[in-house]
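Next come two complexes, and both contain chain A; in the first it sits with chain B, in the second with chain C.
The block that comes next holds the complex of A and B.
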């Protein structure tokens, strides 16, 4: 395993057994993976394809039936290695009676963070995930999206080297989704590595460098995302608005040279960008907000070199 | 050092999380109110001043304690594994051993808080109950109405204050009420020392049966043993099977000496069963309290040694089971 490899999985098999120890489900079947330092690695697949099982094996929460797993050069059951890992579970597994501030303080203590560092990080993370106004309300009262934000904040409290995000945008509104994606890009710029498990194709497409597609526990495809998605038989030309006459001339010229009629359409803004612009305008005149609010940027400590 | 900090953090969280659950507060309040009402409900003393109030108080302490111990153990381990909070914590640099033992320590804290409330209520209830008075002002049977009134009022005052703190300071109602209930009971105990049983102001004297303190300590030790069994079972089972098995162990343990103890000398099998099932009679020595007697602290220490050894053995089994458990 090289210095640059943060996760290496070879021939991983996971079989869940019933009460009598008979094989019930083969959740992961002969999986090979390799995640490099400083990249966002996408684990893509439908529900039940083995993404979360693979992640739980990486974290030592489940035992592999067969295969070899190394995370940051160590066995997943090595408690010490978890000091460098941040994990956001598929569901935001939080203590309902604690407030976001208490939750982050609790996780900060588990990492042995000193009181001053903990306080600084907690306030920055709460600000970053847009929950400053709800920092002292019990998490049990939160909507799924708000709880997800607390879950994301706890995954970053230790400023981890490797961040494992299981469906990080599920339950989040479009603002939250964009913030999570921006956050991932900012973390990778600082040399962090991220494993992103999702069935939301747009999320993976937006941020991932490499992707593995799982189905029925087996690897179906692997590669750089732009290479996998590129249509190498076609090209796209974009230009400023043309008059009808010029357009007609251009199309006939292209047809003459290539022998085929090109398709013409207007580029449209994607819905996510349009939505964010609308919210930005509304935000300027907003008076009071009870849910999560849109915030700018990343917690300061996560930006430090 | 980190392990100790993690242990402390997890134990505190377990205790806080448990006392913030409404059921814990409800059971403790119900227990205190029932103990407080015992002197009113018991019309006959059968010639033994305070015995029925004392025995009933300790029995209520034991029974309600078993419910709290089983429920808290199940909810803090079985439920955490089911809902995934255990996975979230174990994905951090926390070993399973620290997690499991800290959970138990958190439950023990809750048991101690509950036992403190129940023990103070029993002390007060015994003081309140009808007794023959030889004081010059009153000769005859006297019930301490003033202390009884304060004892029954304490939970309501605690709830009212917790409500106000929740309204104005946003303090969580359940845990605040739990803490205030204990504080109010201590206040009632201390204030009652200024009054005679007839309600007249007098030089400070607590006028309590101090033997109840060591007996309550014995009941608390029994509850610690039950907690260790409950948390070990919770590493594999849900709340209902845990409750059923704990109840069965409780009943078998009450009859352990009769069912297995007498045959243990002749049969290895009975000896093994007798050793495995906790003998509650070791912790239940009510007769000693008669005529102002008390369980000697030396005996309490022996019982504590038995409880700690038994709990440690059971916890080892639990640890073994939990360390192999997969967190789905």
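The block that comes next holds the complex of A and C.
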């Protein structure tokens, strides 16, 4: 395992057994994975394809039936290695009786962070996930999306080297989704590595460098996103608006050179971008907000080199 | 340690912010304030105060015991079932720390609840006494007998095994038992007869009891002798006679006559100064002549006891409460361990079943021990324990189980406290060692092992 490899999985098999230890389900079947430092690695697949099971084996929450798993060069059960990992489970699993501040303080203490460091990081993270106005309300009163933001903050409290996010945008509004994706990109620019498990293809496409597609516990496809999606038989040209005469001339020229008529369409803004612009405008006039608010940027301590 | 304290703090917050804590607090307040106001006892102030203490502390122990088993089983099982543990187990925290943190959290909550409950009980007990309007004499009796802290000493025992063997031989010769009856059974029967004969004093006869005067007895503010006798029921006459109390230096320091005595437990005051230079306290009962008295039958277990005041009630009360806390700590450890292995309701049923089996095992063991003569005045009767094959099997099962249980079950501080007997520092220290460290340590090892082996993210079926 090279220094650049943060996760290496070889021949991983996970069989769930029943009470009498009889094999029940083969959730992961002979899976090989390799995640490199500084990349966003996507684990794609429909429900029940083995994504969460693989992640839980990486985190030592489940034991592999067969195969070899190394995370940051260590066994997943090694306590020491967990200091460098941040994890957001598929549900946030937060204690409803704690406030976001208390929640982050608790997890910060589990990482052995000093009081001053915890205080600084907590206020930055709460600001980053847009919950400053709700920092002292019990998490049990939160909407799913707000709780998800707290969950994301707890996964970053230790400034981890490797961040494992299981369906991080689940329950988030489009603003939250965009923020999470921007955050992932910002973290990767700082040299952190991210494993993103999702069945939201647009999210994966937006941010991931490499993806593995799982189905029935088996790897069905693997590669760089742009290589996997590239249609090597076709190309696309984008240019400023042309007059009808110039367009006609251009098309006839292309037809003359290539022998085929090109398709012409007008690029449109995607819905996510349109929505964010609408919200930005509304935000400028808003006075009071009870839910999560749109924020810019990343917690300062996560930006430090 | 910081990580353990973080988990403990989380458990405390979880408890304090739940309705269970508030409910428990209200129930304990009702028990500790309501009971003293409603208890009447046996009509004496002494009895009332003893009952207030016994019921208030006893109920506190039962209520907190049940709550402790419930909450401790739930503590980790709920974390696993609710998947909350997934966010803790992926942090750099050893699984053992999770166990210790949960246990310490429950201990802290128990400490608060028991301190509040015991504090109120103490105030109510003293309040009922001072507001009872009773005579000063009755109040003094309560202070001497219930709100006291006395060391109980038993008299030196003579070895009656030879006498029992001789009697067993004579019984066999006389053919009182058929040939099928094993020798051990005959010996046990003979042994019991000897013990019974030693506990009776016929008219015109006397009996002596010798107590070693230990170093801590000297300088005591008050020393008494308590006896427990009754007149033989077959004859109508009550018992009359005299008690002579003295020492090896001064054999007749104090004489007290009793007349027309039928039954009951009484106290004789011992002049404390006679103990100073002596090594033994000698207590003699002299029964009057046949025409004036009856056969005096002493209680086999507690015929005559020496009670020596040693310290104050407040300290004794504190030690009692401390032992109760240790007992709850052991229960909490058992519960957290069960919750580390099993799901919530299963864990609590498993712990309750285990406790029932332990109680039964202890009960059978004590009962069998008494039956076999183990506790007959503390006499040596090893051979009496060798009984028939049936009993041997029973003994093997019960006594072996009790070996594990007995060290934890033998602490009964409420009984001692309400009887005005000392709950010693040694006993308290031993309770801390056994109930707070040894047993929880063993349970903790199992709990941490279960947790470290357990897959914490299995799909819920």
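To be clear about the criterion, the second predicted complex is superposed on the first by the 305 of 305 C-alpha atoms of A that agree within 3 Å, B and C clash if a C-alpha of one lies under 4 Å from a C-alpha of the other, contacts with A are read in each partner's own complex, and residues count from 1 in each chain.
Note that in this section a residue touches a chain if its C-beta (ideal position, glycine included) is under 8 Å from a C-beta of that chain, and two chains touch if they have at least 3 such contacts.
No experiment lies behind these values; they were computed from the predicted model shown.
**Student:** Should the superposition on chain A be reported as showing a clash between chain B and chain C, or a fit?
**Tutor:** clash
**Student:** In the superposed arrangement, does A:41 touch chain B (first), chain C (second), both or neither?
**Tutor:** In the superposition, A:41 contacts neither chain B nor chain C.
**Student:** Once chain A of both complexes is superposed, is A:93 in touch with chain B (first), chain C (second), both, or neither?
**Tutor:** both
**Student:** Between chain B and chain C, whom does A:136 touch in the aligned arrangement: first, second, both, or neither?
**Tutor:** first
**Student:** In the superposed arrangement, does A:62 touch chain B (first), chain C (second), both or neither?
**Tutor:** Once the two structures are laid over each other on A, A:62 reaches both partners.
**Student:** Check the residue A:80 against both partner chains and state whether it touches chain B (first), chain C (second), both, or neither.
**Tutor:** Both partners.
**Student:** With the two complexes overlaid, spot the stretch of chain C among 202-210, 238-246, 292-300 or 346-354 whose C-alpha atoms clash with chain B.
**Tutor:** Clashing stretch: 346-354.
**Student:** Find the residues of chain A that appear in the contact set with chain B and again in the contact set with chain C.
**Tutor:** 56, 59-63, 79-80, 82-83, 85, 87, 89, 91, 93-95, 97-98, 106-107, 109-112, 154, 158
**Student:** In the complex, go through chain A and note every residue touching chain C.
**Tutor:** Listed in rising order, the residues of chain A that touch chain C are 16, 18, 56, 59-63, 79-80, 82-83, 85, 87, 89, 91, 93-95, 97-98, 102, 106-107, 109-112, 154, 158.
**Student:** Please output the residues of chain C touching chain A within their complex, sorted ascending.
**Tutor:** 2-3, 5-7, 9-10, 13-14, 17-18, 82-84, 86-94, 455-459, 461
**Student:** Which of the residues in chain A come into contact with chain B in the complex?
**Tutor:** Touching chain B from chain A are residues 56, 59-63, 79-83, 85, 87, 89, 91, 93-95, 97-98, 106-107, 109-112, 136, 138, 154, 158.
**Student:** With touch defined as at the start, can you tell me which chain B residues reach chain A in the complex?
**Tutor:** Touching chain A from chain B are residues 1-2, 5-6, 9-10, 13, 16-17, 20-21, 83-85, 87-95, 170, 172, 326-328.
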